[in-house]
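I've put the structures underneath this note.
Each of the two complexes below includes chain A, the first together with chain B, the second together with chain C.
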Partner chain A sequence: MIRRLNAADVGHLCTGAMFVACTIDHESSKQYRDMTLALIELKGGGPVLAPVGSLDPAAMTTSIGFVNQGLMFSEMIPVGDEFETAIALLQERLGVPLQGVFPLAAASVNAMVAVSVALRTGLPLVDADPMGRVFPLVSQTTLALAGLSAGPIALTGPTGETAVVDVFAPARAERIVRALASELGGWAATASYPVTAAQLGAHGVVGSITRLIEIGQILDSSLHTQQKYVRLTSLLGIRKVIRARVTDVEGLSRPSVPGLPDRPSSATLVDEAQGRIVRLEIQNEILMMIVDGAIQAVMPDVITMVRPEDASVAGLDDLWVGNKLDLITFPAAAQWYTAAGRALVEPMAMNVVGPARGGRAR
Partner chain B sequence: MRIGVRVTRDEVSAVAAHADGRFSRARSAASGSRTRVVADTLALLAGDGSESVSAVVFEVSGALDREVDASVVSVLIEPRRPREPRRHLWPAEGIPVEIAHVSGGHNALGHELVPLGEDELSRLSAGMHAGSHLVVSAAGAAVNPEHEHRAAELLRSAVAVGSITESSTFYSDSLLVREFTAVLNAVLLAGAEQLAASLADAVSQGLGEGVRAFVATNEGGCTPLSRLAITPVHSICADLAAEMLGAAELARRPDARIIVARPGAVRIGEFVDGLPSVVSRAVLRGGISLASSVAHVVPLTDLLLSGSAEPPVTVLVQGAERELESFGIAPTLVTDDDLVAVGAAVAPVSYWHNRVARVVGADDIERVLAEGEAIARANLVSWGAHPAAVRITESRVLATTYGEAQMIRVRVRGMAATDASGFPSGARLEERRA
Partner chain C sequence: MSAMRRGVSMRDLLVAHDSAGLTGHHIPSSAQSVRDIALITRVEQILEVGPDSIVLLAEELALGGWVVSVALRYAWERRAVALIVSEQSFSESVIELARRFGVALLTTSDGIDRTALTLARELGALEAGILSRLDALHSRVLRAASIPEVLSEISQELGDAVVQLVVDGIVLESHGTRPAEPVVARLVLSPRDRGHRGQEGQHGQHGQHGQHGPELVAAVAPVQQAFADQALARAGMTVRALLLQQELDDLVGAAPLLSFAALSGLREDGAFDDSRSEQPALRRLPSGTSVAAVVLRVADVDQRSARIAPVVTSRWRETFPRVPLARLQSGWFALVPLAEPAAELDDALQRLADSGLGDLGAAVGVAHDPHGTEQVTSLLRRAGLAARLAEPGGPVLDFRRFGPPLLRRLLPAEDALDLALTTYPALLADPQASEIIATVVSYLDCAGSVTAAAEHLGVHRNTVQLRLRHAATLGVTLSHPERLLSTHLLLSALDLRALPVATRPTAEL
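Presenting the complex of A and B:
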């Protein structure tokens, strides 16, 4: 059903977007939430959330999202016109008008950016995305799995400089756009994966915006933490909740794969109840959770953290020695558990971490 | 002997931690001259001088006042001017701030992205009022603060400013969080400077020259009192950490979950090796972030009581029996001590080294950590710690999410106890010199 999002929806969406992407930088998500709320107040209404099926199957849509390599948006703050510029450039290159936008990742700041862009441009926010969570690379999408092109990609940097990249292969798009993001000043506001509504409906993760709002409604409610977990289990199929205290955090010296972002780190926690040793492998997101030497969850599984005292969403910044956190895992979209999906996103496949010493626990 | 003093607008409460483990107390209403009241309280605790005082640590969160009519100008240095007003954090705290934008900024590698708008700064300074507090915040300053330094110099040379605070004084990856922290710090400066001078005078009047004075910080440590006049924001919620430290000290439990029940609040904190666990940013009312490390102390809930094999240590401050009843737990210890003053008395002197560094391998990581540790040791020793008493309690590199692969964050924390072995009193120093 087509509906207009209100301020409460946007608040819940932000909570849900932070929950499914345990990253360092939740400030950017909150920043975009606040900007969107101010704009809703100014315009007297929120953006239109449209199910994929409500659009003309031939309608052209595009993903909206930041690609980062350097300073985050909370440090190098966008001035507000970057995505409109990118959309205009993409429309010009495609030669057809865009009739909807969807987030590059229905998680973290990119989920909030799409809401803001929909509100600014008046384009409907399509209730779908090509990740269903967040993956670190532009090429890790269900649209790429389906063999669709990532390009052309239009992008704008913090200084206002722009580029349009005619690229087909998503893996090449990742390398080129990431390099441009670094050179532009830390990030690029991108409009990529131009697809028809029919293609998005067939190959995207459908309903992902609505799911984020539902997650936020649970986490923002006045329920007790355990009751929230029960509701989340019903919604997401949560597999594991471990309450553990951080005992060590280490930056690792193993190099990143050339051209890919960031340096990895590991955190060790001790399970408060049973004394199990929990290890988190981190590179931009939490890639893998190992309990007593056996893998309990690994990408594409979603591994996230909340603060036990109030079930508020934690970030990697909360991994301080002595802090207690609830570690939560749940499955990602079904597309990621196919052989091709795993090959694209599992950390071992990406050479991010070596083969695990223990067996997969489940 | 170490003395902790909680100073509020209404009261001065002090506790002396003696070398033999005893505590003695003194409390006075803050009427008349604060300097006099504090000096008399300190003299009372020092007694006949048979036990020398190695350090005095003040906890001043209840005495920090904001300058009500301060004129604050925030100069944001960024590549482009925002199309719409930014969502700054200071309006939520009711601080009026005038905003100015100047072009500039560095990228994640510390390279200049856009040249600093020196002409814009000159035009800006022409319209500024003398006595204004200026806050200068540049994009990328956490990596390279050069634009903040140059802008501050240029403005200082053009206007008779009240103060200039560079946002890179505070460590955060968020420009607006750094800006807010610097703004809040700026409006606290005038009051903090007076307070620091008054307390320094009180120490010399009450205890004589040479006794080192410190101020408690938000994360459960302390720093030289002179720092209060520079970064008062690091002391604005030091009472929470000091109270936990006091409870852990009285319970003699350096590794435990500590619950403190006091009238109006029951809170819990985690202690590891005698130190409260810490988070990198304080969250003020309304969820506003502040770039200051704080002890992780939260209101107790039933949930926090469950799930741990090790029972928590509960310290009940007399008068809070009803607050504790609702949780169904019995106190480990009942006290009428001022836990904040006890905590201040035993707070270790603390130095944080936060920076972003460029590395290409394991050797570089070792090198930047060793440099950080050396800087922490040097600062602590320069503040009076005995070199052998310095402990490096944390030394690690942290990844920067979606950052440049070779850029890492370095975080080192050095500590030193302020007891007699590490901090000789003035009298003992004189003896050694003789």
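Presenting the complex of A and C:
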């Protein structure tokens, strides 16, 4: 059902977007939330949220998202029209008008950017995305899994420089866009994966914006923490909640695997209830959770953290020694658990996910 | 990947290795043996390593603590004993994980490949040393002439640890001293259940191992367990051969006695066959020699012979070193010359009975011939009868000390009632059966005197006569002398209070 998002929806969407992507920087999400709320107030209404099925199947849509390399965009703040420029360039290259935008990842700041862009351009925000969570690479999308092209891709840098890249293979697009982002000034506002509504409906993660809003509604409610977990379990299929205290953080202690953005680090926590040793492997986000040496969750599983006292969303900067956190894992979109999906998103974890996930050999 | 190796101690291996390059971050205090060295280039290869392996992670693998954590977990799952990675610093949580899993965690500054090669070389050298010790022990054991000598050799090789030959929980031979907090290495010498070993305290000596035949048991320090297993295995065949040789010697020594058993009817089905004629020619001891016949009777000995025989013959040899012991169908027997006072023989026999034979169900009976005038076959039958009446684990029963209470055991009241119901059904069905039986028994007790029986019963003699006539009508015939003894024995054995209710008297005659 097509509906117009209000201020409360945007707030919940932001909470949900931060929850499913435990990154080091939630400030950017909040910044875009506040910008969007101010714009809603100015315009007297929010953006239109359109289910995929409500669009003409042949209607062309595009994903919206930041791609950064090295410099966080909070350190070189966008002027505001970067995405409008990129969308205009993409329409020009495609030769057809775009009739909807969707986030490159329905998580973190890119989920909020899409809302803001929809509001600014007046295009509908399509209730879908190609990740269902956030992955670090532009090529790690369900649309790429389906063999669809990532290009052409239009980019706008922080200084207003633009580029349009005619590229087909998503893996190649990732390398080129990442290199361009570096050259453009540390980040680029991109419009990529131009697909029809029919293609997005068939191969995207459908309903992901609505799900983020529902997560936010639960987390922002006045329910007790445990009641929130019960609701989230019902909504997301949460597999595990471990309350643990941080005992050690190792940062940048090893080289990154080639081709991945660099921020490798580890955090060690001790389970409050049973004394189990929990280890989080972090590379921009939490890649893997190991409990007493056994892998409990690994990409594409979503691993995130909340604060035990009120189930508010925590970030990687909450991983300071002595802090107590609730670690939560739940499955990602079903497409990621196919063999092709795992191969695309498990590059570093593949070597360690063996058949033995616990239980001593006899 | 891992062939069966001799137990090389992990500590020995790490000490033998030029340890300048190895740093131990956690070494478990418990003793662990090493069978294999595994160099892993992909973490999932740990899933293929065998137990008791030392796992080395290739340099490119151990990029972070998480790989080490996962490798420790996999090592624990595969029962590997140690994980070695290239030199790096660990957080306390990784070391704690190694501690929890009981897996040694070490780093090397020599390079993983070089360390793997060095450890493999040292493991081979240590195994060769152990093999050499085992071969030398095997040679010494083969030269041993008795089981105590074999146990002594094994014990010395194990640092004077206690080594025992155990049968059904009974220690036949023992050598050495028990170390503090030992573990048990065990070798079953019978064909089944061979080579089982257990942790001290987990299995009682009289537990499931009591069902085994002879076994060699060594209580050793934990670090020696693997070596002790190997040592026992090397000595097992020799001990078994010595046991069989003893058995053969016993048979040869007892051969002259075997005809006694055959001819005296000392078998399950003929122990009291009085119809056999005496055989004076069987006496092998000079006439006039004081002698005692001893019978060790064991229930269902034929089914348990393999487990019980070594204990019985060993205990007998300890008590009477020069007296042969012969097998019969229901046990063993021997003829012991009475060179010593009879009381000393009784004491020796009681010590024998108390040395664990009772637990095996053995009962001991003895019959003395102090003047050397009795026929041996008679003497053996008496001893056999005494053994039948003796209780397993109870006192040795001397035929001379038989009394009426013991005789009652020959025909218990329950059996007597069954027999009487068959032999005298009319009598048992009679309402006055109790009075009639009491009268008949009293009459026979009084050697057929009606007057004496009446006086004993406190009734008129006419009453006695009336009851005796009534008894005759019920099938109790007292006019055939040859039947009087068996009738007397049978009716005496009846418990009159336990007769069927319907037969209780309803009126005085």
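Criterion: the second predicted complex is superposed on the first by the 343 of 362 C-alpha atoms of A that agree within 3 Å, B and C clash if a C-alpha of one lies under 4 Å from a C-alpha of the other, contacts with A are read in each partner's own complex, and residues count from 1 in each chain.
Everything that follows uses one rule, which is that a residue touches a chain if its C-beta (ideal position, glycine included) is under 8 Å from a C-beta of that chain, and two chains touch if they have at least 3 such contacts.
Being a predicted model, the structure only gives us computed values, none of them experimental.
By the touch criterion stated above, A:Leu316 is placed in contact with chain B alone, chain C being left untouched.
In the superposed model, A:Asn284 makes contact with chain B only, not with chain C. By the document's definition of touching, both partners, chain B and chain C, reach A:Glu250. By the touch criterion defined above, A:Lys43 reaches neither chain B nor chain C.
More residues of chain A lie in contact with B than with the other chain of the pair chain B and chain C. Contacts of A:Arg4 after superposition on the shared chain: neither chain B nor chain C is touched. When the shared chain is aligned, chain B comes close enough to touch A:Glu272, but chain C does not. Once the two complexes are laid over each other on the shared chain, residue contacts for A:Glu27 go to chain B alone; chain C is not touched. The contact surfaces that chain B and chain C form on chain A in the two complexes overlap at residues 250, 253, 255, 264. Residue ranges of chain C in contact with chain A, taken from their complex: 42-44, 46-47, 63-67, 69-70, 72-74, 76-79, 91-93, 96-97, 100-101. Those residues of chain A that touch chain B in the shared complex are 23-25, 27, 31, 34-35, 38, 68-72, 74-77, 79-81, 136, 158-160, 182, 185-186, 224-226, 243, 245, 249-251, 253, 255-256, 260-265, 272-273, 275, 282-284, 308-310, 316-318, 320-324. By the touch criterion given at the top, residues 247-248, 250, 253-255, 264, 266, 268, 270, 277, 279, 281, 288, 290, 292-295, 351-352, 354-356, 359-361 of chain A touch chain C in their complex. The part of chain B that touches chain A in the complex is made up of residues 78-84, 86-87, 105, 107-109, 113-114, 139-140, 142-143, 173-177, 270-272, 275-281, 289, 296, 298-299, 301-304, 307-309, 361-362, 365, 394, 396-408.
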